[in-house]
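To start, I am sharing the structure in question, which I have written as structure tokens.
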Amino acid sequence: MQRLAQVCLGFCLSLSSAISTAEPEAVALLERMGTAAKKLNYDGVFTYQMGRKVQAIRIIHSANENGEVERLLSLNGAARELIRTNDHVTCIFPEGKRINVDRRPLGRGFPSDLLSRMSSATPYYAITMGDNGRVANRKAKQLVVSPVDDYRYGYHLWVDKETDLLLQSDLLTDKGQVLESFTFSSINLNVDIPELALKPQIEGQALSWNRNQTEPVSQRRAKEKGLSSSLWQVGWLPEGFALVAEQSRRKAHNDKVVEQRVYSDGLSSVSVFIEQKAAHHHLEGGSRMGAINAFGVMEDNHYITAVGQVPGHTVEKIVRSITMAE
Amino acid sequence: MSPASRSVPEQGMSVDQELVQRVQAGDKNAFDVLIIKYQQRIINVITGFVHDPVEAQDVAQEAFVKAYRAIPNFRGDSAFYTWLYRIAINTSKNHLAARARRPPTSDVDAADATNVYDAPELKEFETPESNLVSDELEQAIHQAIDELQEDTATAIKLREFEGMSYEEISEAMECPIGTVRSRIFRAREAIEQRIQTVMGEGEQP
Amino acid sequence: MTANEEELLSALVDGELQGEALDSAIALLSTNEAAKKRFQRYQLTSNVLNGHAIGHQQQDMTQKISAVIAEEPAHSINVIQTNEPALEAPQTEPPTAEVLTFPERFWKQTVGLAVAASFGALAVVGTMTQPEYSVMPASPLASLAAADEPAQTAQVATQMPQEPSNRWTVTEQEIEDRLNVYLVDHNEYAGASDIFSNARVIAYESGQ
């Protein structure tokens, strides 16, 4: 984005709320989209695409007065299932494979969370209506989520015209390159979901956990656990990014403590990892995997790395601004 | 868990805070606890700058003494270890700077006379012998844990690998906090038995 | 030393003592040499388990340090020594939203299996495998108006290979593994509030 255009845009945004960055119609649609995912019954297949990898996944979702039940199963590659009932998530892996994605909570499932994140992110993203189109042989309306600068990615969303369900989500660079895409290829809506359809079919190790209702931890307690949380200062972040979570974790039993800080503008997020150097090789410079970029340096006996679904120059700029406080 | 089984009061001041307060009030013995707790980690940090193990230990001692002197000014804005860590870094850098200013002798390697952190591979300074002892010790500890009864093993793992507090462990394991404490103690006792045979009596620190 | 006293020391290693119990422990350590040694052993074990023990160089520095400190005037809580520079906390970071610190109480697991699976080395999600079939991202919106940009032909200006790749663009396995670990940790938060987050769990496959 041209510097001048950026300044103008920023100026316009701050000048008046009448020049809204979020069209009311678009926001309303976003809200309905969030509810639809929770309240409807549907059974469909979508593909998750990042780079050249394509993963086909079937999703079956049922909702009634007791809440939601959702089952996801992989259709290609390793058989894998995930079942979510309200707050409880169970992930099943084929026998013998020691894959532990994580026994910690992974989140609120399908797109229902987008709205709450969007509302805090609105100043930094413009949400507008796009064109009409078709996804999974259904009529869809496009929602365009454009970031105010090129430090973050944007989205194109397609929402089912009839039911407001999210049918496609593309993550885009400012030049329009699609880095990641979730797309329904077929879907049955407003169908009855028999109970059998929600029961796991594969055998394997099961990992279960409850989603986190995180309690805010007292700041003092947090500092005790964050070993060097005040040792390092992040000098620069994209506008609107704030610290939203942090933790220190011991890695494999031989490894050191790694400190993680998560910064987010509500929609995009970056994690900064700081760990003491050990006799290993570490990333110095940039790397990427599809939509995810990383940048690492070594400073004062520590490895400092930032990882996130933001452009490469964003993580680089963040990392280069990190210094040890004297 | 019923509130009655919680033995930790609401405000939850950490043990480090409590120890610091005692030191600030004149209790030098309380400082010993902090030394024992953090000396290994501080030496590790300093070794990154000051490579020679003996020299590193000298610097570590200097850092602890500095911390003791400055502790009346410690306000608790950060964790004690964070504060101590910064003192260790500063002491290391000052030490390197001072060493650089000394006139070089034939004993001093020119490359050492620098106050820029040089990022050595730590392996360079682990003698094969000390590596061996450390591996043996580590293995013994893990073996001891493997042989523990499940509840005891779970308790020590949640404590050491996951860094959970007794209260958190009691929730996860659905047992009283007192039980957590005694399980962890039992685990440590069992580990102690095992490492005594590995280390032999004479090698105890 | 009684078993109770030993258990006290164990609790001290975990920082789970306060008030009178803490006083007792401090007194015990200062008067009983065996207790001090025991405490140090507990601490050594903890250090080893946490990866803090590099080589078996566990020397006790309390003797030497105490000797120096014994010469110092005792502190008193009412006196602030003004000749020592105050070690302030650094400038605050950018304004924080409500800061979450985890892990806290957050999981109830099916006992045994799941618990066993979570200890020890953090099993990484693993690198993405080569796709079984490769499809150019095709727009399903064939009927979309021409106003839309040609999504796949534009290129991102970085020094990296310009096609989005499904593996980290690094040359060493070790670096790749560590980045994957970071990614899992990042997704724990970011993935948590992303669209299709559960789908990512399904989609990642082990490189094994």
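Chains here go by letter, A, B and C, matching the order in which they are written, and residues are numbered from 1 within each.
Please note the rule applied: a contact is a pair of C-beta atoms (placed from the backbone, for glycine too) under 8 Å apart; a residue touches a chain by one contact, two chains touch by 3 or more.
Given the structure is predicted, the values throughout are model-derived calculations rather than measurements.
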Chain whose Cα mean lies nearest the overall Cα mean: C
Between A-B and B-C, more contacting C-beta pairs sit at B-C
Quick check: how many Å separate the C-alpha centres of subunit A and subunit C? 21
Whole-Å gap separating subunit A and subunit B, where each centre is the average of the chain's CA atoms: 36
Note: subunit C sits from subunit B at a C-alpha centroid distance in Å of 16
When you check subunit B against every other chain, which residues touch at least two of them? 13-14, 16, 44, 77-78, 86, 122, 161-162
Two or more other chains in contact with one residue: find those residues in subunit C. 49-50, 52, 89, 103-105, 107-108, 120
Subunit A: which residues touch two or more other chains? 221, 225-226, 230-231, 249-250, 253, 325-326
Subunit C residues within the subunit A interface of the complex: 49-52, 89-91, 93-110, 113-114, 117-118, 120-123, 125-126, 128-135, 137, 140-145, 147-152, 154-160, 163-170, 172, 174-175, 178-179, 181-206, 208
Which residues, counting only subunit B, touch subunit C once they are in their complex? 8-9, 13-16, 18-19, 21-33, 35-37, 39-41, 43-44, 47, 53, 57, 60-61, 64-65, 68-75, 77-78, 83, 86-87, 122, 126-127, 130-131, 133-134, 137-138, 141, 150, 154, 157, 159-162, 164-166, 168, 171-172, 181-182, 184-185, 188-189, 191-192, 195, 204-205
In the complex formed with subunit B, which residues of subunit C make contact? 6-7, 10-18, 22, 25-27, 29-30, 36-50, 52-62, 64-66, 68-70, 72, 74-77, 79-81, 84-89, 103-105, 107-108, 112, 115, 119-120
Touch list for subunit B against partner subunit A, complex: 12-14, 16-17, 44-45, 48-49, 76-79, 81-82, 85-86, 89-90, 117, 119, 121-123, 142, 161-163
If you look only at subunit A, which of its residues touch subunit B in the complex? 218, 220-221, 223-231, 248-250, 253, 276-279, 298, 300-301, 324-326
